[in-house]
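Presented sequentially are two complexes of chain A, the first with chain B as partner and the second with chain C.
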Partner chain A sequence: MVVNLRGLNMSGNSVAHDQYRLDFKELDGRLVPDSPSWLSENRQIAFSEFENLGFRTTKRANERWKYTNIAPLARTGFRYRFEPNEDVVTIRSIRELLPWHEDWTRLVFVDGMYSDLLSNPDNNSSDVYVGQLREAMVDRSDVIENSLGSLVSYSKDGFLAANMAFLSDGAFVHVSNGVSPRKVIHLIFVSTGDEDPMVSYPRTLVLAGSGSDMTLVESYVGLLNNSYFTNAVTEVLVEDGSKVEHYRYMKESQDAFHVGTSRVQLGRDSTFSSSSFSQGSSIARNDLGVTFNSPGSSCSLSGLYQASDSEHVDSSIDIDHASPNCSSDQYFKGILDGNSRGVFSGKVLVRPEAQKTIARQADKNLLLSEGARINTKPSLEIFADDVVCSHGATAGALADELMFYMMSRGIDEKTARSLIVYGFASEIIDKFNLAPIRDRIECLLLDGSDFQ
Partner chain B sequence: MTNPKVISRTSSDKELNSDYKYGFVTDIETDLAPKGVNEDIVRLISAKKNEPEFLLEWRLKAYRHWLKQAGKDPDWAKIKFPAIDYQDIHYYASPVQAPQLESLDEVDPELIEAFNKLGIPIEEQKKMSGVAVDAIFDSSSVATTYQESLEKAGVIFCSMSEAVQRYPDLVRKYLGSVVPYSDNYYATLNSAVFSDGSFVYVPPGVRCPMELMTYFRINAEESGQFERTLIIADKGSSVSYLEGCTAPMRKSHQLHAAVVELVALDDAEIKYSTLQNWYPGDKNGEGGVYNFVTKRGKALGNNSKISWTQVETGSAITWKYPSVILQGDNSVGEFYSVALVNNHQQADTGTKMIHIGRNTKSTIVAKGISAGKGSNTYRGLVQIMPSAQNATNFTQCDSLLIGDKCGAHTVPYIDVRNQTARMEHEASTSKVSDDQLFYSMQRGISEEESHYMIVNGFCRGIFQELPFEFAMEAQQLLRVNLEGAVG
Partner chain C sequence: MLDIRDLQVEVSGERILKGVNLTVNAGEIHAVMGPNGSGKSTLTHVIAGKPGYDVVQGEVVFEGIDLLELSPDQRAREGIFLAFQYPVELPGVRNRQLLKSALDAVRLHRGQEELSAREFDKLFKTKVKEIGMDAELMKRSVNEGFSGGEKKRSEILQLSMLDPKLALLDETDSGLDIDALKSISESINRRVSSDRSTLLVTHYQRILNYVQPDCVHVLVDGIIVESGGRELASELEASGYKSFKDKDIQE
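Right, the complex of A and B next:
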């Protein structure tokens, strides 16, 4: 039998914008002297891949981007920022933007560049390292060489290839075997933007040693209201018996483009939980993939996505059950207003060897306006028989009965509406175990109502 | 339907690996066009059928469009097969006997024998009340029964070629109005070279007095069959149409690219049931029919209803998405499906419900059963357009896995563009539960029999949607096709 693969080789009509070529040359010239050779090589390969792939805008055989049109992103020549724009960012200005707690260990990146001034790293003990990737490449070169890029393949995806090609720094979190850092680790990526469209390439590598336990927060925010592009990649390697609690908070500026790719690999009997909040922008995409490589582990993914006006928010969740006795649970909710559009595509793949898999998947959506639109595609691909898998999806408007109930009790329409929306979202909000994040989201949802 | 058609059996080990029951070749002189497709072949088909000018034009437009698509056959479905050589197919094959026969006596006895083997005893059926059969043997309609009593009610039920001659205005008005010639690769090819099919027109206010039934059968070696069926239910009318399929055993793959179009005007109702049991190929995945079919209904009028019910147990590959365009206000679309794959069968099937009118409602219930090394995919689209105020959809797709070498996939696409819509989708996948098996086995029922019972129960809701005779047959079909899957 010949596999009918026609179409997969077509790279589409898009190639990388010239701006990227200029910037890559410049950046490469600056980085090569200090970079380890393996990294320089990888970056070169990644860039040539990126030149071929570009950002594919064709619809044909481009299922992963079926409902998200990246043409506006692909035709713009986003510039790389070589000099940091640190002076506009202060502790005070970022505190306003994101979940905040004084005690948290924090790494702050401004336009993709590490800010010594704003960060509060934790890299003194041998047990825990929370710091710059660039520095760690000197001290812990072996570990990084083995793990960086091990979960993302940039040969098929222009976004991943570009991130690798422009990799100059990033966040590195390494927790040794059996260690449980007391403090929450907060990675903050702020974009300042500019008159010209700028791009940044946040990169995060997390290694959770066996038997460790950590809580990690990633925040992506925009400081000024302009158009920029954040192309983020996060890799999380969860080793045997460890536990990682992960949160992702995304609120880029309204005109921004955000394509975030996270890849997680779970070791034996490990636990991974992730809750994300995604606020729409021009394009806000949260692409999360979890692979079960060893038996006995479980993951629970939840998320709330919200968009209004002409924003676009896209959640793409991929779960690969490659081992037996694992369980996964996805619970996502969307709130769409104005002329916004929400996209959810959740895929569960259960490979033949992954017997005794339990997989659940649910996506519920609330449409608040005439112009709002949702595309949801929860899919199951199952090759093992002794499994319990299910999925569900719903979409609907605010129930008139609920509004009537509230308003007949003297609550004005606006407040009633935001209370119902809040009620809808609260199931997901409750999954954020950290109060600062919960408060932040509550604040956003109840904005403008008397209950703030 | 009476017993002869029912596949009855007693299970014995020898029969467990039984080969396809309907694999035989009828030796009839066939009028074959040379292999391959080009404009001349399209013209030849049209000329053979003495078609009016507009139809030839339409076929040629389709053919030219198809040429532009060359090499772009759909590749998004979860199916694998060697590339099809479209020039290695006979596009026209017709039994030499002229199709216009008044009585069965004039039909070649060998042909009648073939039908009897198929379990369609025409003589007997003539006596049976309530079912008229339009038997399609390869591409030409050979015998049509009950024509007269239908005529009395004003219902037109004839072959497509006949309709083209006798009712060119209706054909011209509705052909391609639901599935345009440019719709998809296979539908385009079909539009260019379609050979024959059924045509039904139910006039306003008429309730079709009997269930209409057609048998399709592919016969001539390596001839693809390209049927075109068109059913029109005029205002306030209703019709139930049944389609049953079997095909003889073949060594090389056979392409079947049919198109079915349904049009329901105001207050009209069409129920279309399919039982598909074409040759699925042998246990090693050799041979078998490629069933690449485009079926679509347009609930054009207000308060109209279109309902698809299908039981798909055959074919090496099924690529089929019976859909409903809910254009009229308050129109209803339904899709009930059982798809079974065993051995190396592949099925990528589902439905599309496109809500356009206000207060439109659709229901989708799909049951997939995978056994052996089969791959079964539900792929569906529910689209609620901005104009579809208060549309509702309910979707349920369940999959049952038997054995650890098969696959069951669910790929629903949901596109909601109107906030007043209520859309619910749920799906589950599991194996036959050990508890249920234990329960029935400890009561002395064999493992195999228990499986049949449980699978039957799993599909019960769909079978109930079928006309009674079909429901009985569907159960038997399921049982035959599950053989060898258990234990």
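Right, the complex of A and C next:
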């Protein structure tokens, strides 16, 4: 059976597979001497899992990937970068690409490798640690060993397995109990790509101690117009009574592949809010899962996704209500132009023990062209009886009618488009409480809306 | 002001207008009446330049300009305004924002200066009051959550702000209570002047008790089967469209 699976997934992609195996061997050889043994073991198990799983390209019984075709990604032998490509990246070049504030605490990773030069870490006090995962594994080995990988299981998912197998560094954010860092924490992952397709494996671990309060931004951007693959994993452990305000900004190069998996676990009476902006690319997937394990907590997730030309953008939201008295709210909007495709799948599971759950989800889309498509699939699975749940999805209003209405008032086509797009998005943009992110998105919507 | 000659229009291969002739002189109010599905909205859409209609024959000339050559926004800037039968909702687009952009565009084209924010607000306020619109409502997004009647009033507010030469009012009277009908009629009457014309599309004669048209046309199945004075409207009231339909078939 295992042999069959391997044959099925890898046979057509043997070149790709050889590349991954070669790189894993090389990386493993380099890492083992300095790695804790638990990590080396984990990485090796993860790689053999990856060899079994591959990237599943079949559609059958593969609900989570129903509308996103990963065949082009699976067949490419993305190379791992061993030497940093730091010199092409400067502060000046990245601040043009992403939300930026001088004062923010900042970790910068270039092609997955930490950049000392570009970062502005905060790891001098015992209250807050924002720094390299690799260093933390030495300083805070037991904390990391207990939490790293606790929210993601790599035995079922090839992307998670690969991320674990190639884990050499990452971002570690630890806010101690009762502490509220004054500064916004910004984790930046820049890809420079190469003529050959390259892959990087950003990894983030966030521990929000009980009663803490933090604001965290993750940015994933491409510097040059290359095809590369970003396979990112983020785990956020939100302990009792704490509050995490989270933002995610994704604007990879147009030809890039991005599969980002985030898993969040909420402790008792905690609050997690997350707003994301996702710009489409070859594949741009934001997969966010939140688990309610203790009573009294709430999460509010919102997002704006945008794609044009033949870009693909995929938001996959998965909420697991496993405890009573919790509430979740999802509000997503998509703007699709050209021949682009948007995918939204929002799943809410309310388990029998999760009484008094309040769950809401909504997804709305604006289609700016006849060639643009959206697959929206909100689903509620409710096994408790005392709950308030609602979902609404509007597949997509075609912008034609709106355009004609505006133009019939004398407003030219370009202005009309901008007003419509901006108006549609404003409700979500308002949820970004940080001005640099709002400004960045507004810029993208207005300048980038130079529609043909 | 407006000359329509032998206008024939198709939508996805189906002939909807089958040779419409219509002349509206400056200063006149014309009413176009007809049963549902006769092509009244199609006529206003084609004049305003809505995409999706194939003009297979005929011409539409506005003050000597071939309208069919212009985009909808150019037509609007030349002085054409369409009050929609079904105004769309524009999520996130404020009424003020829409009207300011529209008025700026129109004034610029007329060689007038843009209004300052203060001048605009003053005008806006005056008009909102004049139309009897709820000022709070105007802070919302365009038509969002508006009742049918509120949408119609909002169309009239836009009309009165933009002050076009030719107003096309597509069933602006339907779904209104008597007070709203009166107030909208007042707005229509207020625009009457030697260089302002109005094409009033309706399938009830009710509004014609308040607005006196110079001319009434009956549109049945894509063709104007009869034109006359305002007495034609009363005739219609008495006998309905059926007699006209029969006439149409005989021809």
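Convention: the second predicted complex is superposed on the first by the 417 of 452 C-alpha atoms of A that agree within 3 Å, B and C clash if a C-alpha of one lies under 4 Å from a C-alpha of the other, contacts with A are read in each partner's own complex, and residues count from 1 in each chain.
Convention: a contact is a pair of C-beta atoms (placed from the backbone, for glycine too) under 8 Å apart; a residue touches a chain by one contact, two chains touch by 3 or more.
Every value quoted in this text rests on a predicted model; they were computed, and no experiment measured them.
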Touched partner set for A:405, first chain B, second chain C, both or neither: second
Partner chain(s) touched by A:367 [first = chain B, second = chain C, both, neither]: first
Contacts of A:425 with chain B and chain C, given as first, second, both or neither: second
Touching partner for A:303 - first (chain B), second (chain C), both, neither: neither
Dominant contact partner of chain A by residue count, chain C or chain B: B
A:61 touches, of chain B and chain C: first, second, both or neither? first
Partner chain(s) touched by A:267 [first = chain B, second = chain C, both, neither]: neither
A:376 touches, of chain B and chain C: first, second, both or neither? first
Touched partner set for A:436, first chain B, second chain C, both or neither: neither
Footprint overlap on chain A, where chain B in one structure and chain C in the other make contact: none
Contact set on chain A toward chain C in their complex: 400-402, 404-413, 415-416, 419-420, 422-427
Chain B partner contacts - residues on chain A that touch it in the complex: 1-8, 61, 63, 67, 352, 355, 365, 367-370, 372-397
Chain C - residues contacting chain A, complex: 48-52, 71-73, 75-77, 81-82, 84, 87-88, 90-94, 97-99, 101-102, 105-106, 109, 141, 158, 162
Footprint of chain A on chain B - complex, ascending: 71, 75-76, 79-83, 285, 386, 399, 401-431
